[in-house]
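Next, two complexes with chain A in common: one pairs it with chain B, the other with chain C.
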Partner chain A sequence: MTLYILRRVGITVLMVFIVVTLAFFLVALMPNDVTSAILGPDATREARDALREEMGLNDPALVRYFSFIGGLIQGDLGTSYVSRQPVVTQVLDRMPVTLTLSIGGIILTTVLGVVLGVIAATRGGWVDSAIRGSAGVVQAIPNFWLAVLLVLVFAVNLKLLPASGWTPLTEDPMEFFRAATLPLLAIGLAATAAVVRQARVAMLDVQARDYMQTLRATGLPEWRVIWIHGLRNASIPVLTVIGLQFVALFGGAVLIEQVFALPGVGSLVVASVNVGDMPMILGVVVALSVVILLMNLLIDILYGVLNPKARLA
Partner chain B sequence: MQSPLTSLSDPFPLHRTHIMERTHMRSRKLRITTGVATLGIATLVLTSCAGTDSSSSSDGSFEVTAASLEGAPTFDPVKYMNGAAYDYAAAAYETLVMYDDEGNLLPGIATAWEYTTPTEMTMDIRSDVVFEDGSGLDAALVAANLERYRVTPGSYQARLNSIDTITVVDEDSLALTLNTADQSLPQAFSLSVGMMVSQAAIDDPDLLLTDTYGSGPWVLDTYAEDSEYHYIRNPEYSGPLDVAVDELNFTVITDLTAQLNALLAGDVDLISAQWSQRETAEAQGFAALSSESNVGGIWLFDRAGAVVPALADVRVRQAINYAIDREAVGNALWSEYQRPSSSVFGIYTTAYEESLDDYYEYDPEKAKELLAEAGYADGFDLPILARSMFGEIQRLEAALPYLEAIGINPTVEDRTNDYFDAMTNQEYGAAQGQQNGGTNSYVNMSNMLAPNAQLNPFKTDDPALTALIQDAAGELDAEAAETKWKAVNEAVVEAAWFAPVAFYHTHTAWDAEKLDGVSFAAGQTYPLPFEWRPASE
Partner chain C sequence: MTRARMTQASPTAAPMPQAGTTQGDKKTRARRSDNALARLLRRPGAVVALAFLVLLTFAVIFADVVAPINPLTQDLARARELPSAAHWLGTDGFGRDIYSRLIHGGGATLGGAALAAIVAMAIGIPLGMLGGYFRGWVDTVVSRFADVFQALPTIVILMAVIGAFGNNNTVAMVALGVAMCEGFIRLARAMTLQVRRELYVDAASVAGITPASILVRHVFPNIRGPLLVQLSITAGAALLIQAGLGFLGLGTPPPAPSWGGMIDEASDLIYLHPWLLVPTGVIMILSILSFNVLGDALASDRPGGMLAGVRLPWMKPLPIAEQHVANSETLPADPKAVVSVRDLSVSFTDRSSTFAVVQNVSFDVMPGEALGIVGESGCGKSVTAKALLGLIAPGGKITGGQVVINGADVVGLKNRELRKVRGTTIALVSQEPMVALDPTFTIGAQLRESIAHHTGRKGRELNDRALELLRLVGMPDPAQAAASYTFQVSGGMAQRAAIALALTGEPDVLVADEPTTALDVTVQAEILDLLRRLREELGLAVIIVTHDLGVIADLCDRAVVMYAGQVIEQGSVDTLLTTPTHPYTRALLASMPSNAIPGLPLDAIPGAVPAPRDWPEGCRFAPRCAFATDACRSAPVPIVVQHGGLSRCIRVDEVLAASQVRTKERNIA
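The block that comes next holds the complex of A and B.
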């Protein structure tokens, strides 16, 4: 198991390096007019050229790349062109919001998806049809559209929850949950459908196995047969889907942050792309890459725990 | 009873089925009960935690929360320009000069100013200014501030290019010597380059990255970057403003639809809006207001024909102006909230002349005649530099069919990420653009007409026009200057250097049951908070 984990960690580090390199050169090739964003539209050509020189934007891309990698190894992601603040600080300040959305969303997705999928598989009949039908409808709805709908219903019309804003959990737990409810629903519901379907199929497959009948025959309560033994075996393919959904949730968080005006890295990277703030763009790419790849690593490890055969792969 | 081992083909033996049915019924009841209880409790909790009135806090102070399209990248005034973020600086810093809703200049920190000659200006300042760090202001500190703005890259740095030297006459007065006649300095001093920071910030400008060092009506209290900014009333403020807001909050909401939702939900008291959102807010019982701000259109840069030979002929440029149905395009883009115009000088400038608005009335037949006279009866290709920000490409595309109708073949070249570079590199003879209508004729001229102007990339220098400009810029008598600037405007329109479509409005909407005193200062695209007060007053 240790060797398995070490192998996965090594692959993760390599993939972070590859992603960061690709991102750097893609951004470097992007025509950049950040000096206009800093100096305003009335700035003279001379002023913009001088600022570009001062910021090192005229240096060759390769020179800037090695400088960036050197800083990255030391944990320095550079300084924002626009705010002149360390990128690391700004990314770390905003990452908790995006992580809350993504992790909260995946927890909601997992719990809801697994529970509904198992119920659909074990109950059958109209319950199964209703769950599958609902999952299909929700899956067809884009999460940003769902977000807008939730805002209109619960915030604008019913005034039960806020339409925007974010309160850290440590500052005011009640306000945190009020602010987080609609974004989490918006981001989690759409992904739930995929998990429901996978959990249902997996549980149907497990239900048909002989060992399930054996377990029942030994006198175990039905709930233990289904929710402990059956679910453990059904969870392996479900875990894969959850891992994929986490990546999708991260991407969805960018849109959700725009709809709900949440101060996460998604809205940070959108603002940075609009003005060409290259260090900030790369900083967010690095941060998100690390998080996503760590999540995949965690899933790989969980997979190895649940399925010993996987450790030999 | 069957042995469990012999019942593998029947997973649910009869006795087990009976027990399970009873268990199932009890579980079902429990589930229903639990579900109803949970729903009830949740409803109670949520409704008991409804948001508080965002315009007043529990201690009776008047608190206002406004939505902003962007956060504050810094608290250094040098980085600020007219726009959504301007209020972050305007709240905390006093300017040398102030202005009202009509653009009339008023004393701020400067109590008086005078041009003794076209290139010499004197200024007297208040002696009772106290910064939030407790330090005071004198003429030497004003000079230090202006010197910093002259050399620090910033949004309005170019506005101070005409200053040659700054002399401290005494503790309360200073003299500016200019390298060219420039009547726009007082207006410049009403903007961010007129915002005074304390000596501590002059000594270490990096302090301004994370905090304010001003003497304005409010002081920055706390903030979460790019999220929320909280200002409190400055007890040391000694300026002429009588502000009513005790706590001023800005919530960053970068999407206009999200801002509208936040207003409707009661999360914020005031928002920016486009005209469609403004009307939605009004339909929901909120107040709204708009102000003419920017002019949009096609800028015809290549007046010498270097890139697009056809544009060298004034008849071709005039034909483009005659070809566009400004009323139709303006209505389509901005509904009733626009003013078609053939001129690029806004209503708040002395150069504005109403009769020039319809100088080029829509006349496609005349446009074709002019093209034919100029030798372009079959039209010509016209690549137009564009950028996909603020809906600008969509606006441009609304006008293109009119050019096609007279035989011109326009193409949109989206260079969003290097729009200004492409412009200054003279890669295109024409560009889609928008420009603030302005409050000062000299400023508009500097931005659009001067040979070194940003929006004159081909450095067109018409001797006759230059003479008119110099005459107007050097005129000290206000009435005479106004006449001369109108002459400049007329000359530019006749030369068809630009093909503007319309001056359009920026909008704001707010909760009038909580907030009063909302207005747009001349040329501003976001309401300043100075006059906001409780609706009950």
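The block that comes next holds the complex of A and C.
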């Protein structure tokens, strides 16, 4: 197991490095002139050149790349063109909201998705048809449209929950849940549908396996057969989909934060794209990929725990 | 990443190409794709989805004709109107026609999604084929490339691209295609690896054909089906992302209409004009749903994709297949029997009808006795054996008869009550030892779980009992076996572990379903020895299901011969093996290599066991029987007591006479 985890950690570090490199060169080779974004379109040529020199933009891309990597290792992601503040502090400031949305969303997705998927697979009949049918429709609903609809129904019409705003969980749990319910639903439902479908197929596959029959033949209670043995085996392919959905939830957070006006990384990156603040965009891409790759590492380890074949092979 | 590569069966990832489709000349390939299209058109959902997408595409291409109102013309006097004759879907906050904006805005969204899907395919397929063909470091690079894009939220990559290259829908969609090529890479890679394993690729290389032409000629024809699925799924996902960008005001900047942008406008007017949310939402959901339905329909061959066919109360019941059966006299159950089966029938229901697979099976098992159930594959012997424990595969049920275990009928009992019998009175050992135990738990853990359930033992005692059972079944190192997973031990060891698990509840009867079929010959003998020893030491009754009369001769006291869902002969093994009264038993015996007459060809039984719905009206064995007459074929044959056993044959005397002749021939030879 230790060797397995070490190998996974190695792959994660390698992936972070590759992603950061790709992101850097995407940004470094951009054709847009950043100086006009900072100084405005009326700035003089001299002022632009001076700014370029000051920001080190005249250095060869490789030199800038190594200084960026050097900074990254020390936890420095550069300085925002717009606010002139370190990128790291702003990203870290905004991270908790986005993390809460995506982690909360993945918990909702996993629990709801697995339970409904297993019920669909084991009950069969009209229960299966109903769950499978609604999962198919829900999966086709764009999350930002769903978010606006939820606001319309629960905030505008029923006035049950706030239409926007955010309270951290640590400050006031009650208010947090009021503020987070709609965003979490909007972000998690489509992902839930994807997990339902995968969990259903995986459980159907497991149900047909000989060992399920063996376990039933030994007289074990049905709930143990399905929710312990069945689920453990079915969760192996489901975990992969949960990992993919976690990535999708981060993408969804960008949109959902816009709808609910939440102070997360998503609204930061939207604002940065609109003004061409490249260090900030780069910083967000790096930060998000690190979080996602760490989550993937966690899932890989969980995968090894659940699946002895992967761990021992 | 092994995990990522095992996702092929997931609905969102590329479906695994079907095995066995790679060989095939041009003719069969053409027929296959015709079938795929025909299959698609038989699904109403797929037809509707396809029709919707085609109509929408035409509407978007000929937007000026279909929606002549200029989507940018403002009319503030008529802002925020509900649908009317002038504005079919109403107007937005500036009085612009919503219908017209939807149709004109569809170009950027649908066209963008199509562009992204095609770019993804154009990049992904060659990369995947390269990785799969050259393997080694090329494959590693390609796979890592795919992993990178899988690890990043696509919309954030696109925002970085837009930040770098400016706000341009075409550039963004090409970038989206690059970011989504991962699914195509995995698909093409898996397909290429599979084709590469086939011999003919080696043959082609030897013949001097270049790798490129091999790949093009052999991979492309096989990849077509899964490719369409992936294309459909990718297009749906790309549509969603394009609209998301529009929602953020990127991609197609306002005031130009775009679906995502229209949802953004709707969200701004949510207090004033909530109707705005409806048309855009509906058209987007229907489009994405259509792509997904189409993808699902194309992929319906994959496991779990098949519809089980739901029957609702108001639907007409399915027809019941006609399967003629003779009324046989039922012998009274022996009161001393530990298991008494009387007139047991099992039926299955599929899409078209309900049909029996086991009909009116009766037999008794005495305490400590070994009973064999023998017959070819498809005779219903396994179904019968599992039905004794109330285990019936999905779609099937026991439709009649009794299974009396220790004096109580278990047919019709709820699972909760059946569980009290399972494991404690009657236990099962199944056919494939390597897959009979849960691969994610150690052998010891599964034994302990079952022992705890049956005996309530805890802790140390539990472990001691598990090791004791493993020792009983002849595990050379019980402690090591307990710590192992089934995939770490040999087939023979796995079968011993499965037998140990069956013994955890200290049952009176052990049902062994083809316990030696999957094992090597030497191991087979060991497992049979073990079963014999358990019978002697524990006084277990054993019901052994087999197609091998040798196993019956080796282990059993009595045997039940089954053919096409019925018992056709029953008696003590001694008489059954020396003077069979039914031509089927006789034919089975003659087809055993050990009974072959030297110098003469082995007597194989001509033909095959008919499928349940094709069971003949008369004697079910008649079409394959050397003794069959018109009388055999005209009416179902009852099973009656004759010559010391039970036999379902009207020509027993002829069969016995022929056997005597054959014995003489054999003695002469």
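Please note the rule applied: the second predicted complex is superposed on the first by the 278 of 313 C-alpha atoms of A that agree within 3 Å, B and C clash if a C-alpha of one lies under 4 Å from a C-alpha of the other, contacts with A are read in each partner's own complex, and residues count from 1 in each chain.
Going forward, contacts are C-beta pairs under 8 Å (C-beta built on N, C-alpha and C of every residue); 3 or more make two chains touch, one makes a residue touch a chain.
What you see is a predicted model, and the numbers here were worked out from it, not measured in a lab.
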* Tell me which partner A:Gly219 touches in the superposition: chain B (first), chain C (second), both or neither. => both
* To do: Could you say whether A:Leu306 touches chain B, chain C, both of them, or neither, answering first, second, both or neither?
  => second
* Touched partner set for A:Ala194, first chain B, second chain C, both or neither -> second
* To do: Report for A:Leu152: first if it touches chain B alone, second if chain C alone, otherwise both or neither.
  => both
* Once the structures are superposed on A, label A:Leu239 by its partner contacts, choosing first (chain B), second (chain C), both or neither. => second
* Asked: If you count the residues of chain A that each partner touches, which comes out higher, chain B or chain C?
  -> C
* To do: Have a look at where A:Leu116 lands relative to chain B and chain C in the superposition and call it first, second, both or neither.
  => neither
* Give one of first, second, both or neither to describe whether A:Leu108 is in contact with chain B, with chain C, with both, or with none. => neither
* Asked: For A:Val259, is the partner it touches chain B (first), chain C (second), both, or none of the two (neither)?
  -> both
* Overlap the chain B and chain C contact sets on chain A and report the shared residues. => 30-32, 148, 151-152, 156, 210, 213-214, 216-219, 222, 258-259, 270, 274, 276
* Structure fact -> Listed in rising order, the residues of chain A that touch chain B in the complex are 30-33, 36, 38-45, 47-48, 50-51, 82-85, 90, 93-94, 148, 151-152, 155-156, 159-166, 174-175, 178, 210, 213-214, 216-219, 222, 258-261, 263, 267-268, 270-271, 274, 276
* **Complex interface listing, chain C residues touching chain A** => 1-4, 6-7, 9-13, 144, 147-148, 150-157, 159-166, 236, 240-241, 243-244, 247-250, 260, 263, 266-267, 270-271, 274, 277, 280-281, 284-286, 288-289, 292-293, 296, 303-305, 308, 310-312, 386, 389, 391, 394, 415, 419-424, 427-428, 430-432, 435-442, 446, 449-450, 453-454, 485, 487-488, 498, 501-502, 504-505
* **chain A to chain C touching residues, read off their complex** => 11, 14-15, 18-19, 22-23, 26-27, 29-32, 124-126, 128-129, 136-137, 139-142, 144-145, 148-149, 151-152, 156, 194, 197-198, 200-202, 204-205, 207, 209-211, 213-222, 224, 229, 232-233, 236-237, 239-241, 243-244, 247-248, 250-251, 254-255, 258-259, 269-270, 272-274, 276-278, 281-282, 284-285, 288-289, 292-293, 296, 299-300, 303, 306-310, 312
* Report the residues of chain B in contact with chain A in the complex, numbered from low to high. => 4-5, 7-8, 11, 20, 46-47, 49-51, 70, 73-74, 79, 81, 153-159, 209, 224-228, 251-255, 257-259, 261-262, 264-268, 389, 415, 417-421, 424, 447, 452, 454
